[in-house]
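Common to both upcoming complexes is chain A, partnered first by chain B, then by chain C.
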Partner chain A sequence: MAASSPRNPPPLRGAENQDPLSEMADEDSDEGEDIFVGNSNPVAESFQPDTANGEEPADLFSEEETSTAVNSSITTFKSNGVHSDNENDLFAEVSVELSMENPSTTAKTSGAEFTPSLTLSATQPRSMEQLEEEKDEDSFDMDVAVTNPEKIGDGMNAYMAYKVSTRTTLPMFRNRTFSVWRRFSDFLGLYEKLSVKHSLNGCIIPPPPEKSVVGMTKVKVGKEDSSSADFVERRRAALERYLQRVVCHPSLLQDPDVREFLERDELPRAVGTHTLSGAGFLKMINRASDAVSKMTIKISYSDAWFDNKLQEVESEDLQLRKLHAVVDSLVNHRKELCGNTAVFAKSMAMLGNSEDNTALSRALSQLAEVEDKMETLHQEQAASDFFILAELLADYIRLLGAVRGCFEQRMKTWQSWQEAQSTLQKKREVEAKLLWANKPDKLQQAKEEISEWEGKVTQYERDFDRISVTVRKEFLRFEKEKSKDFKSQIVKYLESLLQSQQRLVMFWEAFLPEAKAIA
Partner chain B sequence: MMQEGLDDGPDFLSEEDRGPRAVNVDLQTDATLQVDISDALSERDKVKFTVHTKSTLPNFKQNEFSVVRQHEEFIWLHDSFVENEEYAGYIIPPAPPRPDFDASREKLQKLGEGEGSMTKEEFTKMKQELEAEYLAIFKKTVAMHEVFLCRVAAHPVLRKDMNFHVFLEYNQDLSVRGKNKREKMEDFFKNVVKSADGVLVAGVKDVDDFFEHEKTFLLEYHNRVKDASSKSDRMIRSHKSVADDINRIASTLYTLGTQDSTDVCKFFLKVSELFEKTRKIEARVAADEDLKLADLLKYYLRESQAAKDLLYRRGRALVDYENANKALDKARAKNKDVLQAETSQQVCCQKFEKISESAKQELIDFKTRRVAAFRKNLVELAELELKHAKGNLQLLQSCVGVLKGDT
Partner chain C sequence: MDEDLFLEDVGDSWSFQLGGEDEDDLHEYQAFLGSSFFDLSGDPFSQMGLGDHEGKQFCWKKTHTDSSAEEEEAREGSLSVSAQTIRVTEAVRDGDALTFIVISQKLSGSGEYHVARTHEDFQWLQQCLFSQEVVPGILGVIFPPLPAKPQLNAPTKVLKQLGFLAMGEDWRMYCMALETYLQQVAAHTTLSKNKCLENFLTSSEPPGRQRVRKGIFNRLSQAMEGMRKEGHKDVDDFFQTERDNNLTLTGCSKSATERFIDVVLTEQKLAVACGHFSTALHLCVEQEEDSAVLAFSKICVKLSEVIDSIKRNFESVAENNLSTLGLGLDLESRCQEAEKEMLYRRTCKLVVLETASRNAERAKPVKTAAMDELKVAAEKEFDHVSGVAKQEIARFHSTRVELLRQALILWCEKQLETARDTSFRYSEHLQAFKGLGE
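Coming up: the complex of A and B.
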């Protein structure tokens, strides 16, 4: 499942290694080997000095650091036909004026690790359905990563390009490892293509991250502050999780559009023929599902399962939103704590300077240093709070929206079926009347219509049965993924808390003798 | 009343909070006079302190006795010291701050109003939190009043003060009313004059190196302690907010966990339980930082002010002395009112020398006390932080272990 990588705040220290492979890295179109081959990439570790993560650099995607060869990547990219169409307002992921030399943007991403999420451990299957699903998932091996956000172009027409790297053993791809460059609108385009094709089947299509005019404008304008760096990192991580969810889905993976997205060097520019942006589509779904949920009462036969599940989804949505709001508050308070701690540390240092007892003076300075270290700790913890917890919740709030859309599709199918049935009924009544009134010409037409509608009724009924099966399957699969996702992310979050406490212990243990030495 | 702890916080107030209070050490607690606050009662808008004395001094009718005092009476005692010329050469122990439960009371009230909008568990939880906060403030104010009395009792001269004995022994109401408006205005103007004068006096360079150094030192120190005190308060408030948020997360996770009995729901319940525990620890960390750091800084803010006041009084006496000298010279030159000028000069001289003598010792003692208090509190702070961090760590480790084992 889409377990997203642990995020560290943009490291302000210039602790970068120059990756010897970087020149190879960026020209690739499909030879992304350097990313995945377990070449000496101590880099993956170097950015997380404090995270005791179990992942080794020999992990699938030990990513390279600095994209020094920006220019080469631009040329390959431009050939993707990714000019900013100004008329294409929908995907106006407009220009981002981030200087490429900013180490923190690139550095961040390379600190990211990708956990191989698709290799499932065999869990006890609880039903035939689940057994089937597991069999499918175990049989392929596929990993996707989104890295190296780079600004292409200048001014308001610039945009961010992301490197999408795939590693797979599936035969349907041309190579085993390959990379392409994509921009945000490409991801949205993929979503829309998939929606159009699959949502009518009752598939739960993972929604992409939302567009953000404000966020992108800041980046565009060239503000090199931490908020734009944060924004880019947040988006990159969200895009990665989005893709991971897509490729995790057995039916979607088979879709040629997905394959094309991952493999093809030049992707035709997603032109805005749709009025549906990711968010727009979801809004539609949300509005519609409200109307539909009122209709569920009318289903007379044993549809309890679907009703129950929909209710569960809705109450869960409520709770997740609540939780998300609180986590947001936590992030803000921690950031505030971080700032206040820094200020206090300085103040303590000043006090230590004034103090004329030497030992006490030194102890106070040491205390100031401890508080300084706590500030860093709080900052990193706030980043964990956000990137691991808050984003997880945000993702699932969006996903639950997609799930509801799915249920709605089923309702619509049912409705069509019911309407067809009532139309058929009416046609039969018409026929009866005609028989009685004895009008042979019209009778013929009526009989034709009846058989037409009989056909429709049968088809709609089949559609409904089919979509019911799909929705049910999708839902169970979703539940399973969600369970896994939450568990792994929350454990990851707890581990980050754990590390913070370990460091705290270290700080205070170092300080204690200083305090005791006061005389 | 005072010893009520939290349900599950056995060491919310550990032993160090009873007995001679945390902030001041080195109080020569000898058997001749021991004072403490053995009990306290919070009523509506006032706090009643039970001041308990044990003494072998002949001045008192009994060896052990208690009286009930209110905050205004403490202030009266403090002010009587300040106004007493005899004590001009001593650092007058700073008066305890007024008990302020307004903020806490307001929060409790708001909670009561909002009772309908939250679940029963949430309400009970929040109520407990606020009650604990109220209790903490209460304990603090008791501590601060006690420290003041202990300081007085430990001071070789002040402990003999008549007013102090009355305060300790007279078991009726002292009928000390709080200052009325006019008196408050008078005080205000007095302070304005005093600070203006203080500036003048401070400008006079002292012949004595020791005092000159002390003057510069205290001025800077006082300002920096003030700064550190306010910054520490802000930091601790943020810390409390974080703990509160974790509390709400725990509640919401609990709700999520109780919606079903699936695997993931059980998971949520376990995590919710963990957060419940960690946030209690976080809250305690904030509370301990408050006690050991913020209170320490606040106290030394007040004490350094008292020391500055002493220096001011000495400076004032010096200026008076120098002026008297000049007046004497003038009188001798004119040969007019010489005797009067002489006596005046002698009085000023004596006053100045008396103050200088005791002031030196007082300032040295202040330093010793300060170093000792900081040492005690910083060591205790570090030990508590360590204890809590280790506690947190253990909780997290065991929970992560369980959760990972389950999946």
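Coming up: the complex of A and C.
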């Protein structure tokens, strides 16, 4: 019942690829939404000769890409995301940056550490929309699938292992196609690592599917019923969508943890994942957001934007929850219809059997068969309702939680900045007092503290600016992804709906002559 | 007998024991037989016309002359309206009761009759038919089943008894069931001649305000209930088979009807759920200039239209199910019950006959003549009933096959049309969606 579609080999970079995208995997199509992936290739190619010194090409490129990412993001989104309409050749800018960044830049480990010491080049900021467009033109480079759930072990120590397969043209990976086996806690572990690293920067990190003690226990115990199978399938599909969202995210894709997750044969057991199940994390976020929203917020132009968006997010959360509840009830009713149809089919079969008149008996038996076929259709439709619509809504409810988390982070950063400013102010007051009281030794200390805090204020202000930029960018990307996601899922839903309907038409057409043949 | 609600109107409870072998019982038995219902002293019906029916209809000539004026009136005459044109067009709410408008076309072609009737009036008609005459063999007629009384603001359990007939808007299904009932009565060669029917269809005054002599045979059935003769073995293979088949079919058709009701109810629930979904989607629409928000709003609006289509599909499918196969199954189920009752009446007559035969054999010489007379009468009655029954059974089967055939064809045609419409609409939606945001 998985909503997975046939995988197409990723086309060559630069090729138009509308069709493969729409037939792509369940969730997000890995459209070239990230400038970094797009950039990396020319970078890689142009830097080929430079890696002759024995460094591992993949690593080098990833470091370069990181720096590139850092640069572009800083230069492009300078003042709190204020848009400008200047156009620039993306690649030209990149090569300019890179020439500044010669290979002497030491390899950095972190995927997204923004080093404030980089000089900001004076390139003009470009509009978000234009960058988005350029991203769209980039080819699809990455395809991830989660398949073949297998039960490993027995009893309460058993677990499900999932095959994670990747197909990619990105040079940062060792091979073009490869697969590894992962278990659920590995996915949770990946999420934990990513949040620790990236959530402070305002990245929207896709949340993983929730833990379910009940569901897993059934599987462990070995219950071979349809509810266990459903549960495993649901989880498999959810894990797949989760991974697809992760690799679709430009910054996260660069993270070595992600790469390791996809590539490495044996992964160390993730520990402490019980603290960070999706629901738990969300609860944390929700509590924090309640607290912070009670704070008074400095009103400025960009803050209005953030306030607005946060409100949008909250109302959307409510709406999606409502939709999810409604779709859930739809799924249940459809399942009920399945049951009723099956029972009705049996009773008609019995009626047909008891019937003397041959033609009538035959027609009634055919009727029973038509109803049986309709039951199958209803089953498939219920699965479609669920796996396409309900899970989509559930995913986005979780994602909105992550979005709220980002806004939260920004508020916290702002708070640090404000607090630092007020501390600085206090220190200055102390200095003034000391000047007046004429105590030179304490004055020296005071001046040192002031200088320290001035540095902090500058740092926090920069942090705040940076996170504001990131959050804004992430949010816009999220909105775009959301529309695309919904649209592609609904198209899929409609296609299945249409197909069901057409088969139904065929059933009726086949039955009509039977009915007419009754004498 | 749950179905025969009119029996509740029967005031007397005539619970006597039949089949006893004492002389005491015999007296009671004689008293019973001596009632006017069994007019043995009257002219025997030499001509029953049993031989000259062709085709599927049961016709018999009326030769009974020794009946009261009322019976005369009740029996003579033929219907002045065309059976197929009888319509029950609507149900009008009148406080707590429903009034039905019955329209029928004059045979002469010179116009139509419009009358308003309540369910009590229908019941009156049914009773008339049951009690119409002391024609032997009347017990062998399969009487068209009258739907149970519709109750407004009734508890769900009561409505459930009506099944399909209580569903549909404005009691439309119920009206159609009444219509079928009237058409069946009017098409029955014997029953259609009942003056009460003419009265019912044409008189502007509501009928049934006159006291109708309550037919004994319904009391008979009720009384016989206590004897549990349903399983009594038959002397005739044809009838034994028919009884067995009927038993199975009654059960099967009732069960099928109930299951189908469940299907239709769930389809209606699905339509309602889709409505909620569609409404909830509309609430997601934001009036924003932001292009991303706008794009999402557009998606929500379009999806809402899709869900609306799905809703309309369910509504149509449920309606089609209701009005064709649902009604057909309901009618089939009730008709099987009607046949069951007829067969039961005949079985009771068989019991009476066998009892009378036994009594005649064991009678003391002084009573022999009387016993023999009783036995002969019972035999005659039984033969008449069996004769009528055979005819009715043949007619019944061909009618019900035809009814089911029509129901199935109509059902299939309507569902096919709905399915094609929906398919077309879905494909339009798909195209619209694919073109979104391009």
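Points worth noting:
One rule holds in what follows: the second predicted complex is superposed on the first by the 370 of 519 C-alpha atoms of A that agree within 3 Å, B and C clash if a C-alpha of one lies under 4 Å from a C-alpha of the other, contacts with A are read in each partner's own complex, and residues count from 1 in each chain.
Going forward, a contact is a pair of C-beta atoms (placed from the backbone, for glycine too) under 8 Å apart; a residue touches a chain by one contact, two chains touch by 3 or more.
This one's a predicted model, so the numbers in the text were calculated from it and none came from an experiment.
In this overlay on chain A, chain B clashes with chain C. When the two complexes are overlaid on their common chain A, residue A:Ile397 makes contact with neither chain B nor chain C. In the superposition on chain A, A:Leu476 makes contact with chain C only, while chain B stays out of contact range. After overlaying the two complexes on the shared chain, residue contacts for A:Leu443 are found with neither chain B nor chain C.
In the superposition on chain A, A:Leu170 contacts neither chain B nor chain C. When the shared chain is aligned, no partner comes close enough to touch A:Val196: not chain B, not chain C. When both complexes are aligned on chain A by C-alpha atoms, chain A residues 312, 316, 319-320, 322-323, 326-327, 329-330, 333-334, 336-337, 340-341, 343-344, 347-348, 350-351, 354-357, 360, 363, 367, 479, 482-483, 486-487, 490-491, 494-495, 497-498, 501-502, 504-505, 508-509, 511-512, 515-516, 518-519 touch chain B in the first and chain C in the second. Considering their complex, residues 312, 315-316, 319-320, 322-323, 326-327, 329-330, 333-334, 336-337, 340-341, 343-344, 347-348, 350-351, 353-357, 359-360, 363-364, 367, 479, 482-483, 486-488, 490-491, 494-495, 497-498, 501-502, 504-505, 508-509, 511-512, 515-516, 518-519 of chain A touch chain B. Listing the residues of chain A that touch chain C in their complex gives 312, 316, 319-320, 322-323, 326-327, 329-330, 333-334, 336-337, 340-341, 343-344, 347-348, 350-351, 354-357, 360, 363, 367, 476, 479-480, 482-483, 486-487, 490-491, 494-495, 497-498, 501-502, 504-505, 508-509, 511-512, 515-516, 518-519.
Interface of chain C with chain A (complex): residues 245, 248-249, 252-253, 255-256, 259-260, 262-263, 266-267, 269-270, 273-274, 276-277, 280-281, 283-284, 286, 292-293, 295-296, 299, 302-303, 306, 310, 397, 401, 404-405, 408-409, 411-413, 415-416, 419-420, 422-423, 426-427, 429-430, 433-434, 436-437.
Interface residues of chain B facing chain A in the complex, by the touch rule stated above, are 217, 220-221, 224-225, 227-228, 231-232, 234-235, 237-239, 241-242, 245-246, 248-249, 252-253, 255-256, 259-260, 262-264, 267-268, 271, 274, 278, 367, 370-371, 374-375, 378-379, 381-383, 385-386, 389-390, 392-393, 396-397, 399-400, 403-404, 407.
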